Every structure is written in structure tokens, then in C-alpha cells.
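Several structures are given next for inspection.
Shared chain: subunit A. Partners: subunit B in the first complex, subunit C in the second.
And now, the complex of A and B:
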């Protein structure tokens, strides 16, 4: 266990060395939030609420969704693809740790770094520019924190899956790029899943993506009520468990048919 | 003449290298299509809940998005120099560029072109035709020419902003993060500028004129006569900004000191 915690720490310190890179990141996210802020205000016009959400809740939703993205988002899929391409993965196999778990820990170190140097100060910046409703209920915050952990895990697992697919496709940069834009839409980052037409929502219920952004953001803005919150978090837990299966299977197959082209 | 010849030779070379890895290219075009589709779906979803956004209908917003895609694709094919600082200044590649017998910026455009991005022109025109047919837009014989002119104007606007930012690298060392920021600000141009407040509107018109890539020129084809002045300013703004950016580039090149070896 100790070595994995060490992984988190090292990645955190690595990120810390380049912390100035992140100030501009906050600005970029604020610019994105701004675009959606104006767009949504124009969409709401004089409508009081759409799909049970007020304009204020929508602004808060967009802001927290972007700032939460800073926490769960990482390029581990790219890193894995790179290591497979360069043949480094062969060395990783013989090292005394579980490669996938180690990658997860690195992602976590990155996440913790971004949470403290990006999301939190970013949220403060955004708070001064746009009107945002913060809940005063500690239970909401607690559930939000819990949901955020699971959203990290689901996103991480999807990254691991796309990364492992490099074993079979050799070059899957395109897939990784496509995955990113699809997740932006299907996870509820761009707009809440409740804004999708009914049939699309039914399909989404059978996919893990809304566990990434929609669930924590809806909890944060208190747009979910009562049992909806519990169901949403359970939805996340179930998906975290389900996703372990394809990852393990693909990993075992990949190990067997690994071809290293130099290294 | 020499420039035209060189351009086609480089383009031919580029096609050869890309066609060696055909799947790569297909996947790349596919992932571009994907991100365009996501934006398109976003507009459709939003209009499931409202009929008008600040006086613009669903089809009009789709049309504006379609128009935006065309200059953006051309820009992406030739002026995708977001990594200029890293690639040319930090690594000292600029030294090599300066030994070439053509203008340094043109040389970089030749080296960095990504022709597959031009696929976005087709997508954009298809989106415009779709929205246009729903809107019953009529087309005069001269409209295609105006379209070309406005697209060129929009492309120049985009290109000049990125050339300007690239030129900063000649003076200061780390403006790398400004580039991605510009891509995000550029997205503001995809929607009608009257949804933003006056400050942002002013910035998008006169300082970082991204509005001239999407909504202003598109307003001409949508027959929005109150926006015509801005629509016809598009090529002018494009030319003025581009001339200025070339001027700054040329001044910057004289300040270039090399990265050492």
C-alpha cells in the first residue's frame, strides 16, 4: 500500500513544480464558463425554470461542472498509449506493482493537485464574476464530495480502457480525442442530462457517462431531491464495479499478446 | 509565382506522407466530425427547450455555426501554429526557417499545414445548406462570390490573431498558454454576439474580432439587414488585422536571437 501512496505523492510534487501553468488554466475554464453563462441566460430569457432548474441553478451547474472536471480529468489514457507505443510497458510489467493501479494513483495525485490549485481557487474566481448559488447544507457538500470521488473513478476507468485499447489498435490517438468530446457531451458537462429528449435519457441510463459530471453537479446545485441523490450515487457505485470487469479482461488478453517494437 | 509552386509541391508531399497512414487520417477526420457533431447536437438539445435565443431561431443559430466551421477549417489547415513557441523558438528551429529563401511565416505555414482539417469546409457547407433549406433562404447569383469573400475575411481574422500571439514569442518566452485560451475565446464567435454584454461584444468586434468569423458574415446570408454593415466589414477587418499581424511578425523576426545550440 505504501508504494501506491508514494505514487500519489510523487505525482503531486511533479505537478507542483509546474504550478504556474495552471493559472492560465483557471482563466481558460472561466472563459468557457462565461460562454455558457451568457448562452444559458439568453436561453432562459424570461423563462423562470427549464426542466425544474432555474437560471441561477444552471449557472452554478455549469461552473461546478467545469471546476469538477479539473479534478477528475487527466491524460492517463494518453500516457498509457505513449508507454505502449514506446515499448516502456514491457518494463512496467516486470516491476513489483500493478500497472493499472499505479496509473490510477498517479491520476489521483494529479487530481488532488488540481483540486487544491485549480478547482478551489478557480471556483473562488468564478464566484466573483458570475452569480453562483452555494448550498449551506453540510449534507449536500458531503454527498457532493462522495460523488466526486466516484466520478473520478469512473472517468479513470474509462481512461484505462481507452489506454489499454492501444494494445490492439497500436495508434489510437484519434479514439482518445473522440472519446474526450463524446464524454464532454454525454457526461453532462455541456448541459444536464435532464435536458436530453426522453428516449436519449433512457439510453444514457444504461451508460456510465452521466456518473462523471451530471451526478456531482446536480447534487451540488441541489437539483436532485431526496431519494434521487441516493439513487444517483448508487448508480455511480454500480458502474465503478461493472467497469472493473472489461478492464481486467482486456488487460489479461493484452498481456498475452503483447508485441513490443523496441523499447 | 514561386510561392504558388512551392505551396503545391509541399501540399503534394504532405498528401503522400498522410496517405501512407490512411487509417490515421480517417480516424482524425472522424474525430473532427465527432466534435462538430457534439456542438451541433448541443444546439439541437438547447432548442428542445426554447424557440428563440435573443431573437435568433434554431435554424439561424445552426446556420451561423455552419458558417463558422468554414473559415475555422481553413484556418486550422494552414495557421495551426499553436505550438510555435515550443517548436520554433525554444528548440531553435527558427534558425533553419530564416535560412530559407521565402518569407519566414509562409515557410512555417507550408511546414505546419494539416490539410485534413479542410474537411470541415464540407461539413460547414452541408450544415448551412441544411439550415438554409429549412429557412427558405434564396440565393442570388453573386452570393457564392460574397461567401468566398466573407470566408476569406473570417479566415484572415482567425489567422491574424494567432500570428500576433505567435509573434509575442519573439519578445517574451512563455506565452504558450495564451494559444489554447484563444481557441476557447474563439468559440464565442459561434453564437450571436447580442447574447453577450456590451464589453464582451466590443472585445469580440474590435479587439479580438472573433465575431467576424461567425455571426457577422452569416447575418448577411440570413438577410439580417441591421447587421449588414458589420457583415461587409468582415473582409476589411480581416485585411487590416492580418496586415498588422504580418507587420508585427516582421518586426519580431528582427528581434529573434536564437536559442543557442
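And now, the complex of A and C:
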């Protein structure tokens, strides 16, 4: 286990090595939150609530959704694709560890770094600028933290899946970009799932994406009540378990027919 | 002595598609593709004993890297068996890779953006090396390779020679009994090369480390290996002592004449070597010609005597045929001509 913990530390060091990325990240996230704040305020106008959410809940939803994104979002799929394309993955196969688990740990290292040096201070700044409703109920915070862990796992698994597909397509930058847009839209980052038309909501109930952003944000803003919270977390757990299967299968096939590119 | 590496009838085929020509062909390729099965490694067998240092040589595309990748468990063989250190590299991967060290000259295995010592620290954890063992072993390695001052620098700031020494240290961090080196001295200057060679010899003497070395620089092989395995088009064409390679194929000497008269031609020189079983080849300048002769006293004296009597010369050199020439001859003419 020590080696996996060590990997988190290494990732921390790597994040610190590139400070410009860090600063520009803060800027991009602030602009996004600001833009959506004004957009939703304009949509709400003088309406009290839409789809059962008040304007205050909505702006809190948007801010927390973006701050949570800083934790679960990473470019591990891109990294895997690159390592496969450059043939670097060969090096990973001569190491006595599980490559996918190691990548997950790198993602976690990145997530923890951004959560502590980026989301938390960022949230304090946002609080001074826009009115945001924070729950005072410790249970909400606990459930939110739990949901956030699962949203990291689901997003990570989807990233691993897209990354591994490079073994079969050799160049799948298009797929990686498409995945990013799909996740931003269907995870509820841009628009809460309850705002989609009924038929679209039904389809999305059978997809893992809302477990990434919608569930933790709804828990945080206390828009879910009672058994809805438990069901939402269970939804995440089930998807984490389901996604293990295709990853393992594709990984085994990929290892069998691995072609190391570039000599 | 036990065998460290045992390879039997090892074969690896790659499926490669050939593109049709022209725009029409490109459209047809969208629907169906022509596949060709190409064997990169073609039923090779050999074994390496513990503590041996073996040179594994061949031209580009001869199948060296592919076979190394099968030996290290990166690629699965199409057929045949591999036993390395008593294990199947592919099936018992995690257990197996603990017993090997690998250096790929063309790829870095250190983390690019962080200090070398952080990479070492991670590898130490990955291989579960206890502190006391690590300290004794690595202090020695760091001192021999002279990389102490580089440890706190990020890898991207190192020069190639500095990086290569760090790579070697990283590969030996867990003191593996078997070391694969894939072109470790590519692009390095003479001093670094010498340092790396010396270090490898020392490791071999101290820990009885088995080394399999591929390189295009034959001086590496001459300095380190007693035995060579030579590959061509996926097949082993020579497996044996480096010294017998020289005695079997390198018997002759080359006498290089530089003539005062630039008008000398092969035609005018040819009669001088009549009945002597020797041949002329052009040198690197217009008035330089090389006589390839047998390594026998009377032949050498006779050739020099006849040439000097017939033409004025400005320079004369006698060379032994180098390993490089021998290997080039083998590749050009095939092993049967020996």
C-alpha cells in the first residue's frame, strides 16, 4: 500500500512543479462560476423557484458543482492515451504494481491537491462575492463528502475506460474530447438533471453520469430529501461496481494484444 | 550453472495492414483492409547462464527489441516458451518484474518533472527495499556513477549523459539478479560510456548480475561481453564467443596504401595480387587502396614488396579487421561464407 500512498505524494510534487497551471485554473473556475451565476440570476428573474429549486439554491448548486469538479476532474485519460501512443506504457508493465490503480492514485493526488489548495480557498472567495447557502447540518456535510468520493471514482473509471480504448484505436483524442463534453452536460454540472425533459431524465437514470456531479451537488444544497439522498448514494455505489467489469475485461484484452508503438 | 534465461522456439507475429495506393485505394481501405502477418521474431531458442554478460545484436528491425519485450513480459509471445529466472514473465508478471531491472536507452523511466531523488524514493517503495539495504547499496551505486550532485535536480534539467546514469541507478535500485539494457549508451560521449561500462563490470563481479545488452555500438559489446547472440530478420544467425567470431571470420589483415600517383586504378593494381588470394577495395580517397590479405607473414611481405616495387607510395597502414567489419560481412554475405 505504501507505494500507492507515495504516488499521491509524487503527484503533489508534480502539481507544485507547474505553478502557472495552478493559477490559470483558479482564474478559469472563477470565470465559469461568475458566468453561470449571472446567467441563472437572469433566468430566475423574479420567479421564486423553478423545478423546486430556489435561485439561492441554484447559485449554491452551480458554485459547489464547479468546486467539486476541481476534485473529481483530471486528465488521466489523456495521460494514458499519451503513454500508450508514445510507447511509455511499456515502462509501466515492468513495474510490480497495478497500472490502473497507480493511475487512480495519481488522479486522487491531483484531486486532493486541488481540493485543499484550490476548492476550499476558492469557495471562501466566492462566498464573499455571491450569496451562497451553506448547510449547518453536519450530516449533510458527511453525506456530501461520501458522495464526492464516489463521484471521483465514477469519473475516474470512465477516464480509465476512455484511456484504455487507445489500445484499440491508437489515436482517440476525439473520443476523449467527446467524453468531456458528455460528462459536463449529462453529469448535471451545467444544468441540474431535474431541469431536463422527462424522457431525457428517464434515459439518464440508466447512465452513470449523474453520479458524478448532480448527486453530490444536490446533497450539498439539501435539494434531495429523506430517502432520495440514500437512493442517490446507492445509485453511485452500484455504478462504481458495474464499471469495474468493462475496465477489467478491456484491460485484459488490451494486455494480450498490446503493441508497443515506436520501437 | 543454472540458466537465467531459457527461450525455446519463441515466435512473435505482428499483423500489419498495407495501405492501398491512391485516393481510390484510401476509400477502399475504409471498408476492408489488407492484412499481412509478419513474424518479427521467428522461432528463436537460446539460453543465458547466471552471471553471464551477453551481447544481443542485430540491425534495426532484426527483432531485438521485440524479443527483449517478450523476455521482460511486456509482450505476449505468439508461440514458444520463455522462462526467465524460473518464471513465466507474462503469467507471473508482478512477481517476475521484481527480479529484473530494465534500461531503455530511448525512453525515460524517471518522472520527468520531479527531482531524481523523489523518483528513487518512489521506486524504493514500489520495490519494497528496506532502508538499511537501500542505504548501503544505493550509496555505493550513487558514488560509482557519480550522480550525487544530480539527485535534487528535476529530470528534465539533466543532460543525456547525466540522465542515463540516473536511469541505470534507478534500474539497479532493487539490486535485481538480471539486467536488460536496450541501447544504454545511445548518444553518449566517450567518458560517460566508459563510466557506465566500468560500473556494469563492477556490478557483474560484485553481485553476479546477469546482463543482456543490445546496442549498435560494438565497442560496448567488446568491452563487456564474452558471448554474442546475433539476430537477422527474426532469426539467430550466430550464437557463441565473441573471440571465435574474430578467429573464424577475421583472419585477414588489411593493408592500406596511399599512392603518390592519383591515376592508379583497380585494373592496374590487380596483377600485383595474382595467385595470392587477396583483393583490392577502394579506400576513402581517390589514391588510397586497401589490399585484403590473409594473415600470413609471407603474404603480407610479398604484397607490400610487390606494390612498393611497382608504385610510389606516400603512406602505408596495416589494420586488423575490426569486429564491425566482421559483422558487416556476416550480414552482407551470410554466415555460410565463413
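Everything that follows uses one rule, which is that the second predicted complex is superposed on the first by the 259 of 263 C-alpha atoms of A that agree within 3 Å, B and C clash if a C-alpha of one lies under 4 Å from a C-alpha of the other, contacts with A are read in each partner's own complex, and residues count from 1 in each chain.
To be clear about the criterion, a residue touches a chain if its C-beta (ideal position, glycine included) is under 8 Å from a C-beta of that chain, and two chains touch if they have at least 3 such contacts.
Because the structure is a prediction, the values reported are computed rather than measured.
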Fit or clash - subunit C, subunit B, common subunit A: fit
First (subunit B), second (subunit C), both or neither touched by A:39: first
Residues of subunit A touched, compared between subunit B and subunit C (which is higher): B
First (subunit B), second (subunit C), both or neither touched by A:10: second
Which of subunit B and subunit C A:18 touches, first, second, both or neither: second
Spatial angle subunit C-subunit A-subunit B, Cα centroids [nearest 10 degrees]: 90
Lowest C-alpha to C-alpha distance for subunit C against subunit B (Å): 10
Common interface positions of subunit A, toward subunit B and toward subunit C: none
Complex contact set, residues of subunit B against subunit A: 21, 23-24, 27-28, 30-31, 34-35, 38, 41-42, 45-46, 48-50, 52-54, 177-178, 180-181, 184-185, 187-188, 191, 195-197, 200
Residues on subunit C engaged by subunit A in the complex (per definition of touch): 14, 65, 69, 72-76, 93-95, 97-98, 100, 102, 104, 106-107, 109, 111, 113-115, 118, 121-122, 125-128, 154
Interfacial residue positions of subunit A with respect to subunit B in the complex: 21, 24-25, 27-28, 31-32, 34-35, 38-39, 41-45, 47, 50-51, 171-175, 177-178, 181-182, 184-185, 190-191, 195-197
Contact set on subunit A toward subunit C in their complex: 2-3, 6-7, 10, 13-14, 17-18, 86-88, 90-91, 93-97, 255-256, 258-260, 263
